[in-house]
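Naming follows writing order (A, B and C), and every chain is counted from residue 1.
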């Protein structure tokens, strides 16, 4: 019996330790939380690093709890990038722990305070959805470049070149978005979504923004919140509201039915990517593709 | 026709034999006392007859047929502690429950049945307590309500489990009076009884039981010192009254 | 203004309150209120499984999943009591915590997957009355009406079944089928109710109105009506209060209203309330003292 027990314990220890000696591809491993960050890393670093993102399409970063598999991935990472500003609300302890062993960068937290919007409900809290303001996002992405260069100085020139190319594309995107959004008649430039993820978007492109839930999908909302949105929609005569890929649409449906009851017909304008991007391998699986999809969906429904 | 015929009845409970090889035939119209020491299996016998026990062997026939509750020929007065008397209902309501078999599923109790229930309450002297909540009744009053419920069943055969336990004198008199009435109507009654003093007077038939049947039959022949000693395992003492055949009997 | 969303949530929670009050009274009298608690928690894995297996968030499918696991849990409890040395309280605790745990694990699996967060499964844990719309009311009113109808039809049978099941069997009542019917209705109440108050608080709606109603009468019919009334009142009042400010979740407030009604009943109900009992005791003592005084003259 004792022999069996010792064998058993040894087996467990071996299994537990073996994960550390996984075959590495030879390239440095960069792990990110959201898909947007992973996309930026890929654009800057190209094939020089392997990139993994923990939160795939449809995953809500506000609620996301890291799994054992995620912890292993983070352990294996050479560099970690996350959004910060409390977006990954349930993972802060993990980042604290990882900071002791490797470079962990909260790219949102380098953005100067005057560019950061605050929570309308609670001015002391920051709105973390910075990727929807392209100019602000560029500041965060620049931090990625800076960190990558610090870690892997050999590729400094290549990374700088990639960053310039990417920023040119982002500027193009920004101008295109502004043009498209101007197609919407001014009084229809209101974006109503499931949660307050689009303040930066509205701020940068001149749209008023309202969410049913607050900044985080974790925040409590009740009947009054629903009623307020319904009243707002009816009063402002808004044509369409938008559901999000990572949030349940039951609330929006109740809002639409409520508005109908007030004699105001309103459509679901479409599904927007708010906290997550589209499926990998598709156009919407990239930052630029995701952004374009959002703009097109919004404009086509409201104009 | 026999009111009750039992053949080779045995009941086991977790490897313990509680009743063994019970064979009895009791005629219609009798008033039978079921007597035996504690743990003899008297309540078990009733439960087995009424099909409340799953693990029994042997057969039970009532009026020459196996028991079918839907025939509505068996009336039952359980022990008082069989129910929670805090249940929110009143005396009349409980008696009315005896009519549910006749009323049928999902139907509201018609006035006729309510009157029957009220009459049964009258028979046991409880009509003044018709809308008294059952939690407020004394032990004797509760027993009388149970009795009234059984009467409301308008059955042919009645089984009563220790109805005389812990009741006041008035209730005792009521029960005896009811038993006499039932006999006069040609009904058959079986009563699990604990008091040897009174058993000889109340019942015209007896079943003496201690896991097996010690003896059964008409009281005169069955309720003898010899049989009693056997059933109670020699734990009785008798005080002979020189004058009459009355024995004062007590359990040691 | 009593229209639109406010009206729907109001009607929905009132219907839910009535159903829970009626159903809960029977569970309460059977001394099986905690079984309802376990059954409510057990609805969670059913919802998650239905979502995972059928890959849909259509409410009817999720509700069928919920009903299946909820109903199974009731039989599991009975099975454990029959087959093992565990008593009812341990069996209930076991089934409750294990099924709830499985439910949470399944939901986190759902949340990891693509489109997982769109499922809205998390809303079933604490309920989301605020998102009740006209379409939900059809289900809720159907369930509530069915429950009211069954209570009217089987009132006397359930009464006898709970009071004296042995006697009931003896007069040919189909006790097992009646019990199954009552369990099925409880599951139906739970499954429709958890949308508003969630699995964790559903038990409160099954227990509190019934317990409060007990203080007002010793007549089962009146208790049922009172319990339904208390349930409805909790739903209505809870909804109105939660509509006053933003960020207030309706479910918990409904439960708080119900609890308040219970406390009021406990203290102030005539005859059975605490204050009434104390007053009677005092009057009784005073009379005794007066009697003693007179007899000494």
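One rule holds in what follows: a contact is a pair of C-beta atoms (placed from the backbone, for glycine too) under 8 Å apart; a residue touches a chain by one contact, two chains touch by 3 or more.
Only a predicted model underlies this, so the values are computations on that prediction, with no experimental measurement involved.
Chain pair with the most C-beta contact pairs: A-C. Chain centroids computed from C-alpha atoms place C closest to the centre of all protein C-alpha atoms shown.
Chain centres here are Cα averages; for chain A and chain B they lie 78 Å apart. One inter-chain figure worth recording: chain A and chain C are separated by 40 Å, centre to centre, where each centre is the mean of the chain's CA atoms. Touching of two or more other chains is recorded for no residue of chain C. Looking at chain B, one finds that none of its residues touch two or more other chains.
Across the complex, chain B is touched by residues 29, 153-154, 156-157, 159-160, 162-164, 166-173, 214, 217-220, 223 of chain C.
By the touch criterion stated above, chain C contacts chain A in their complex at residues 3-6, 8-9, 57, 108, 111-120, 122-123, 128-135, 239, 242-250. In the complex of the two chains, the chain B residues touching chain C come out as 50, 52, 68-70, 72, 74, 76, 78, 82-84, 87-90, 93-94, 97-98, 100-101, 103, 105-106, 108-109, 133, 135, 149, 153. Within the complex formed with chain C, the chain A residues making contact are 56-60, 63-65, 67, 214, 217, 219-228, 230, 245-251, 253-255, 257-258, 261-262, 279.
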